[in-house]
Every structure is written in structure tokens, then in C-alpha cells.
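Below, each structure is written out as C-alpha cells.
There are two complexes below, and they share subunit A, which is joined by subunit B in the first and by subunit C in the second.
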Partner chain A sequence: MKKLINAPTSVVDEAVAGFAAAHPGLVTVSHDPTFIVRVDAPRQGKVGLVSGGGSGHEPLHGGFVGYGMLDAAVPGPVFTSPTPDPVLAATKAVDGGAGVLHIVKNYTGDVLNFETAAELADAEGIEVRSVVVNDDVAVKDSLYTAGRRGVAGTVLVEKIAGAAAERGDDLEAVASIATKVVERVRTMGVALTPCTVPHSGEPSFTLRDNEIEIGIGIHGEPGRERIPLEPADAIVDRLLGAILDDMPLAAGDRTLLMVNGMGGTPQVELYIVYRRAAEILAERGVEVTRSLVGNFVTSLEMQGASVTVLHLDDQLTELWDAPVQTAALRWGR
Partner chain B sequence: MKKLINAPTSVVDEAVAGFAAAHPGLVTVSHDPTFIVRVDAPRQGKVGLVSGGGSGHEPLHGGFVGYGMLDAAVPGPVFTSPTPDPVLAATKAVDGGAGVLHIVKNYTGDVLNFETAAELADAEGIEVRSVVVNDDVAVKDSLYTAGRRGVAGTVLVEKIAGAAAERGDDLEAVASIATKVVERVRTMGVALTPCTVPHSGEPSFTLRDNEIEIGIGIHGEPGRERIPLEPADAIVDRLLGAILDDMPLAAGDRTLLMVNGMGGTPQVELYIVYRRAAEILAERGVEVTRSLVGNFVTSLEMQGASVTVLHLDDQLTELWDAPVQTAALRWGR
Partner chain C sequence: MALDTAWATSWVTASAAVVAENRARLSSLDRDIGDGDHGENLDRGFSAVVAKLDGLADTATPADVLKLAATTLISTVGGASGPLLGTAYLRAGGAVAGQGTLDGAAIVAMLTAARDGIVHRGKAEPGDKTMIDAWTPAVDAAAQALADGAGETAILVAAADAAAVGAVATEPLVARKGRASYLGERAIGHRDPGAESSSLILRAAAVAAGG
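Moving on to the complex of A and B:
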């Protein structure tokens, strides 16, 4: 295992410390328990947004803490859910009296621990609503999941719900918009190589030299099938085909097309994927009116990519376009 | 070789097409010869900024085309300089009558081809100035270089010179500011793994399982030494030590600290590197007043990172902070 780390046990703490040092105007970090929070939290009267999950998917979630997006992010150990304690602490830290929305990727550990934290917060008088993201069309259930997994679409939920909270929507409205995004977003991914969790020191799975995994999960969970390596366009046809089977889009529908790198994929490859995905949508008369290309929800150094389609409307477009200022996503400020 | 591509020969064209499709409000692409240019080029009375070089280093340079940064970027084949033709075409496309600045990374092919293009442009009545970036302290000469290589510091030159051009500085002033950045910026990198150029299909060099290359070039050129893998902090001590040996900074000096991923490095590792680099500077009383962490000048899927220090002053800080709107760097708009 070759990594730029000091010790497997210190990866998350040191990375979080570096993150705080690099973005002092944006976030502060609480240690013991560990969470990343906006410098200006809590904001009185504003709905607080908290997300989190295992580390190793950066910039998710810490990179999305800031104006117009998350108020706090709770990083667990690599690929392991944070316990309820730090989630509760983050929830309290961002509560400005208007309640708190939890945005949870659909993994059993995350769902349970955020649920417990929400109950504890409720007992302390903080109203919490939760939205579970489950955008991955690849598999019905998975290694760590009952139901579909939450993957790259989470970024879109965080951005759009964050914009709603920032403009002053109440908890009910912010939760409702987050749910709307969840209902209208779909993702599927592919892995060319596995990744290695520092603690284990071994690749999370194995692929032959000429083999890829279609429908990979962001922890290396099995997808739909292993096939021999194909040209990029054929792979994109599979990914987008699965998405469109699940989410029929009509000609004239407007979409946000996201191509997400898994961490170790050169950017030229992401744009090759984008090109073909945009072509397929154009062939169906579906308009791509917004785009996002880059590493947003990663699996350490895994090579591969995912394609995400969000069915936009005027409301979602306006909230997507609203100003945002985080380490990983920024415009309009 | 496992890559999300259709064919080695079509990588750059398809990636550029995907880039143009993803960022229609920002850039357009010229094919034959290939270059990426701001949608609003040429801007009358504004100095035009052109950079370019071999592909495989994305987001450099196309990701930095837009308001407040480059007017055009010329991508060559992977790791191969573009010929003078597209550089000339890009130069003409951005000329708004105030002259054009070429920002050239110090590699023999790039320097020669940009020089030829500048002469051809001059013959057509366009005034061109060139600034050669050579921030890599690792080696004096290199496989493709007479003198030091131009690496991650190029992004800082492009941002700061771009801001000067955007506010209306004349060619002499923009060139002078770019030169000032070159004089005040230093970089050194490390590779944990090699990368594979699509055309060759083989890794650009080999490293043993437990070996790293200190002072790596962005095409996998040899650096200073190969050593057994060390803890991240020890590696950062080497990189920053070499930089500070070359650029003595006094207590109270202000700097921009950049940690750049080589393409395949998980973001947690970049922040672990940042943390230690910031610590070392703090120990010397050097202030880090601006930061940049992420994949900016990559080597395809290489794992590794570089550390860059720019000695700031009021002028450079103001230009760094100025609004920018490109695919890879955006704030204030």
C-alpha cells in the first residue's frame, strides 16, 4: 500500500486538520467529537443542514460546507459511518432555532446512526428532519444497504437544499425540496480499479487486468456485472441506459448532467464520458441545461466514474444557480 | 492499460469536445487546429492570454480559460507540445489589439513552438510577449528541459496575470506581473506511482512497491532521488525543505501555499500534505494567507503531489483575490 499518510489511524484526523488549516475563512473543525462546521454557524432563524458518512469520498461532505450548502459535515472513519455522538454534536452546533435537516446517504450504518442522533436531538428540543438519498440505480440491495445506495446525486441534494435553506425556507420546505431532488436524480458508476482502505492495506476487491465492474458502489461493493474492458462510449451507453430505463425522460425535458470521477481517473477521461452521455441525451431530445464534471464523490484512489442525471425544472434550476461558497463548489460569491 | 477512452488517437479530440459541451457559456472550441477559447474573445483593448502544452495535465490549461484568467488554451497530444500552428491560431483569435501574452511552461518543445508562433504572429502585426514558467526546484536540467521545469506554479501565473489583463493593464504591465510571479514561486513534487500515456500503453517509468520518486516531473521525468516510502510528514519535509533552501522566506512574509494532486491521489492525502506544509511554514514564522488544494496540474492518473509556495505581496494578493470564472477555478462571479 502506497499512500501519502503518516499512519492509518491518523488519516481522518490529519486530513480534517489540514482541511481546516486550508480553509480558515470558511470552516472550523470540532475535535472530540470530530465535525466540520461553517465559521458562522449557528445562523439564527436558518434551517441547519448536516450531512456526513464514512471518509474516503472527499470532497464529500466537508468540501460542501459553507454558504449556500451544508452547515456541518461529520466524517466517520474511512468507509465507516460516524457514530451518533458527532452527528448529534454537529446538529446542535448548527441549530439556529429553525430546525435541522439531515441529508443521509442510504447505507445501513449511516441511516441508523443519523436516526439515533435525530432522536437524541429531538429529546433536546431540536426539530430534525431526515432525507435519505438513494440515487444509485445499479442494484436493489447491496452489501451495506437495504434499498438503493446513495452516491453522487447527494451533492446535488446538498446544493439545492442548501440554497433553499440559505434563502430562508422553513424546515418543511427545505426537506420537501431535498426529497424532490432525491426523486428526480439517478446515478450509475463503473470501476476500472479497486481502492485500498488504509486500515486494511489491501485492495477492497480485485479485478482482472482487462475487467471492469459495471454498477460499482462507492466502497467497492459489487455492481451489476463484471465485463471485459470496452470502449468508453460503450460503457457510457450501459450506464446511461440503466439510468434512462429507470427514469424515462421525454424530449424537451431539461437536465443537469454530472460526470463524477471516483478519485483516480484522469480528467480527460471524465470529459470523454461527458461527451458521450450528452450525445445520448441529445439523441433523445433531452436538454442538458446544467453540467458538473470532476471529482465530487470519490472512493479514495479508485479509477472509474459515475454518470448522474437530475431532471430539472425552474425551481431546481434557480436553486442550483444560487450562490455557493464551499471548498469544492463555488460560484456567485 | 485500463482507461475510459475509445482509442488512444481520439483521446484529446474527444476530451476537448466533451469539455466544450460541458461548458458552453464559458468556452468554445476550434477544431483544426485545436484550441479552446473564451466565448467572448477577442475582447477589444484587452491583453490576450494564451497558454498551452501537452495534454494529460488537466485541468491545466483548458480548465483555466475564462473571465479573469486565460483567453485561450492550446492542448497538444498527450505529454507532447502543440505545434506552432494552433498556438498562432489561438493568438490571432484572442488578439483585441492590445497584444498577447504567451505563458509557457519551460519544456524545450513548448518553448520552441511558442517562440515560432510568436514570430509568425509578429509578422502578422500582433505584438506578443512570452513568459516562461520554471518553478520546479527539483532539478537544474531535465529530460525535456534546459533549465528548471514549469509545473504547478503555472496556475498561479495564469490567475494573477489574467487578473491584471482583465482590469485593463497593458501588455508590458501584464508581462511584468507574470514575470514577478515566476520569480517568487517554487514547487517540488513526489510520485508514488507512474502514469500510462494512452499511445504507449505502458507505464512511463517503474517504481518498486515500496519506492517513491522525490522531485518527479509532470511527465514522469526523473527527479532528485528514489527512496523507500516514508511517512507523509517526512516526504513533505523533503519537498518544502528543497523549496525553502531555494527561496529563503523571512518571518512575517506572506505566502500562498498550494498542494497539487498529480491526478490519482485521494483528497485526504492532499490535506495531510497541506497540514504538514503549513506547520513547517508556521514554525518559521512565515504566514500562509492564501491556499489552494486539489488537482490542478496533473499527470494523468499518477499518484503523488506537489507543494508550491508563492511569496505574496499586496499587489499579488489583490490580483489573486480578483474574480475569476473558469471551469476549474471560480470565485467572485
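Moving on to the complex of A and C:
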């Protein structure tokens, strides 16, 4: 294992300390329990947005704390959900009297810890609503699984719900807009290599040199199938095909197309993926009116990418375009 | 012999010991069908509980010990196991609140409440390949032992024996909850790490009672 770390046990604390030092105008960091909070929190009368989850997916979630997006992010250990107490502490820190929305990726650990925190917050008189993101079409959503995983689409939920909260929507409205994004966003990813969690020191799974995993999760969980490496266009056809099978789009529909890197794939490859994905949508007459390309929801140093399609309408477009000022997304301000 | 606060603290220390002893094995089971940190997470949690036992008042009841374990596990374990086991201990403590010693009926009520807490939090059913597959047979066996007139220690031994059988019986199952559910049929042949650790913890309860 070759990593730029001092010790596996200090990875999250040191990274969070560095993040705070790099972005003093945007965030402050609380230690013990650890959470990252917007520098001007709590904002009276504004719905607070809290997200979080295991570390190792940076810039998710800390990179999205700031004006027009999250009020706080709660980083757990690498690939492990934070416990309820830091989530509760973050919830209290951002409560400006208008309630708090938890944005939770659909993993059993995250859901259970955030649920427990929401119960504790409720007992302290803070109204909490939760929206669970489950955009990963690789997993069958049925009674027989824990349901679809929350992956790259989480960024779009956080941005759009954050804009709604920033303009003064109430908790009910912010939660309903977040839910609307969840209903209209789909993602599918691919891994070319595994990643290594610092405290384990072993790759999370093994792939042969010529092998890729279609439908990978952001912790290296298995997807739909392992196949021999193919040209980028053929892989993108598989990813977008799975998305469009699940969420049929008609000619004239407007979309946001996101290509997300898993951490170890260069931008030049991400744009090759974007090019083909945009081509397929254009062939179907689907309009791509907004785009996002880069590393936003990563899986440590994994090589791979995911494609995300959000079915836009006027309301979602307006909220996407609204000003945002965070470490990882910034425009209009 | 009714079980007192000393039994409850022994249960916690025996749980911590057996979890530490099996840390690598639990993480290895978890690596097969999950994310490979179950042993480390539980070890961190139970060590933290043991460290807090000294702070208990002399007048502490078994329920006080269980509540201390609950809040500590919730805030230190993480993953899915933290809130699940934490809720189990919280409900277990609630079921025997105010009792200085626990008789057989109280033991069965305590185990039942713990199991119901896990079900409430995790929404798993028997056969989903989760810790419930250890807890439910344990509760059933404890209730049967009580009905048969067994004493407290024999009730806990019956529960531990049934939990061990239940944990092994998760091996041929397809998981329907948690991260293992993403594997579909690939989970077949692997023992559920949560059922295995619950079986170890229930065995510790019997050992603490002299069983």
C-alpha cells in the first residue's frame, strides 16, 4: 500500500483539519465529535441541510458545505458511517428554527445512524426530515435487497435542495424538492481497478488486468457483471443503456448529464466518456441542457467513472443555476 | 440464583473479551460478504464500554449497565451494527428498569425486548441473513426453557446454544438486508458476521452467569 498518509488511524482527522485550514472563509470544523459546518451557521429562519457518510468519497460531502448547498457535513471513518452523536451535534449546529433536512445515501449503516440521530434531535425539539438518495441503477430495487445505493446523484440532490433552502423554502418544500430530484436521477458506474482502505491495507476486491466491473458501488461493492475491458464507447453504451432502460426519456426531454470520476481516472478519460454519453442522448433527441464533469463522488484511488442523468424541468434548472459557493462547486457569486 | 449487577458487568467484560479474541475472524467473515470491518468496529465499541464501567455508581442496577453499554455502543461502533446493537441494549435495559436482580421471567423479557429493538431499527425478518437469525432462536429457546422451569443460568445457556445454531444456519441463505444483499446468490455459503457476533455476545451472557 502506497499512500500519502501519516497513519491509517489519523487519516480522517488530518484531512478534515487540512480542509478547514484551506477554506477558512467557508467552513469551520468541530472536533470531538467531528463535523464540518458552514461558517455562518446557524442561519435564523433557514432550513438547515446536513449530509454525511463514510470518508473516502471526497469532495463529497465536506466540499459541498457553503452558500447555496449544505450547512454541515459529517464525515465518518473511511467507508464507515458516522455514528449518531456527530450527526446530532451537526443537526443542532445548523438549526435556525426552521427545521433540518438530512440527505442520506442509501446504505444500511448510514440510514440507521442518521435515523437514530433524527430521533434524538426530535427528542430535543428539532424538526428533522430525511431524504434517502438511491440513484444507482446497478442494484435491483426490491424487497429482497437493501435497495439501490446512493452514489453520484447525491451531489445533484444536495445542490438543488440547497438552493431551495437558500431562497427561503420551508422544510416541507425543501424535502419535497429533494425527493423530486431523487425520483428523476439515475446513475451507473464502472471500475477498472479496486481501491485500498487505509486501515485494511488490502484492495477491497480484485480484478484481473483486462477485467472491469460494470455497476460498481462507491465502496467497491460488486455490480452487475465482470467483463473483459472494452473500448470506452462500448462501456458508456452499457452504462447509459442501463440508465435509459430504468428511466425512459422521450425526444425533447431536458437533462443534466454528469460524468463523475472515481478518483483515479484522469479528466481526459472522463471527457471521452462524456462525449459518447452526450452522443447517445442526442441520437434519442434528448437535450442535454446542463453538464457536470469531474471528480465529485470518489472511491479513494479507484479507477473508474459513473454516468448520471437528471431529468430536468424549469424548477430544477432554476435551482441548479442558483448561486453556490463551496470548496468543490462554485458559480454565480 | 437471580442475576444481579455483577452479572451484567461480567456480561459486558466477557463480551468485550470474546469480541477481541474473535476480531480478525469477524472482520474476515465481513470481508466475504460486507466491507470487512465488523470485528474492528465491535472491538472498539466494547472496549469503550468496559472503560466506562468504573464510572458506574455502587447503586447501579443491571438496567444501568445495559443503558451504559447502549449509549456507548451507539456512539463508538458505527456502521449498521452500532445502532442495531445499541438499540438492543437500550430496549433490554428498558425491559428490566428498576430491578435489582433478574429472575428467569425478567431474563426472557430482556432478551425479547433486545430482539424486538433490533427488528424495529433494522426491519429484518428471520431468514434475511442478519443478526436476527441468531437472536430470534435465542429468544424462542429462552422462553421455552423458562416454560420448562429452567433457572436463570440454564435459560441463558439455552439462548446461547440456539443462537450458535442460528448463526451457522445463515450460511446457506441469500441476504435480504444490509450490504450483503447486493451480492445476491454470491452470499450463499458465507456465515453472516452479525449473527456470529450476536451468538458470541449471547454466549458471554451465559458464561457470565456461570453457564
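We take it that the second predicted complex is superposed on the first by the 328 of 333 C-alpha atoms of A that agree within 3 Å, B and C clash if a C-alpha of one lies under 4 Å from a C-alpha of the other, contacts with A are read in each partner's own complex, and residues count from 1 in each chain.
Throughout what follows, a residue touches a chain if its C-beta (ideal position, glycine included) is under 8 Å from a C-beta of that chain, and two chains touch if they have at least 3 such contacts.
Here the structure is a predicted model, which is why all the values come from computation and not from measurement.
Residue contacts after overlaying the shared chain place A:219 against subunit C, while subunit B stays out of touching range. With both structures placed on the common chain, the touch criterion links A:171 to neither subunit B nor subunit C. In the overlay built on the shared chain, the residue A:6 is in contact with subunit B alone; subunit C does not reach it.
Applying the stated contact rule after C-alpha superposition, one finds that A:227 touches neither subunit B nor subunit C.
Contacts of A:266 after superposition on the shared chain: subunit B is touched, whereas subunit C is not. Shared-chain residue A:244: touches no atom of subunit B or subunit C.
If you check the complex, the residues on subunit A that touch subunit C are 76-77, 79-85, 107-109, 112-113, 115-116, 139, 143-146, 149, 197, 199-200, 204, 217, 219, 221-222. Considering their complex, residues 35-37, 40-41, 74-80, 82-84, 86-87, 121-122, 174, 176-179, 181-184, 186 of subunit C touch subunit A. Put simply, subunit B touches subunit A in their complex at residues 2-7, 11-12, 14-19, 21-23, 55-56, 58-59, 63, 78, 190, 192-193, 195, 209-210, 212, 229, 231-233, 235, 257, 259, 263-276, 278, 288, 291, 293, 295, 298, 300-301, 303-305, 325, 327, 330-333.
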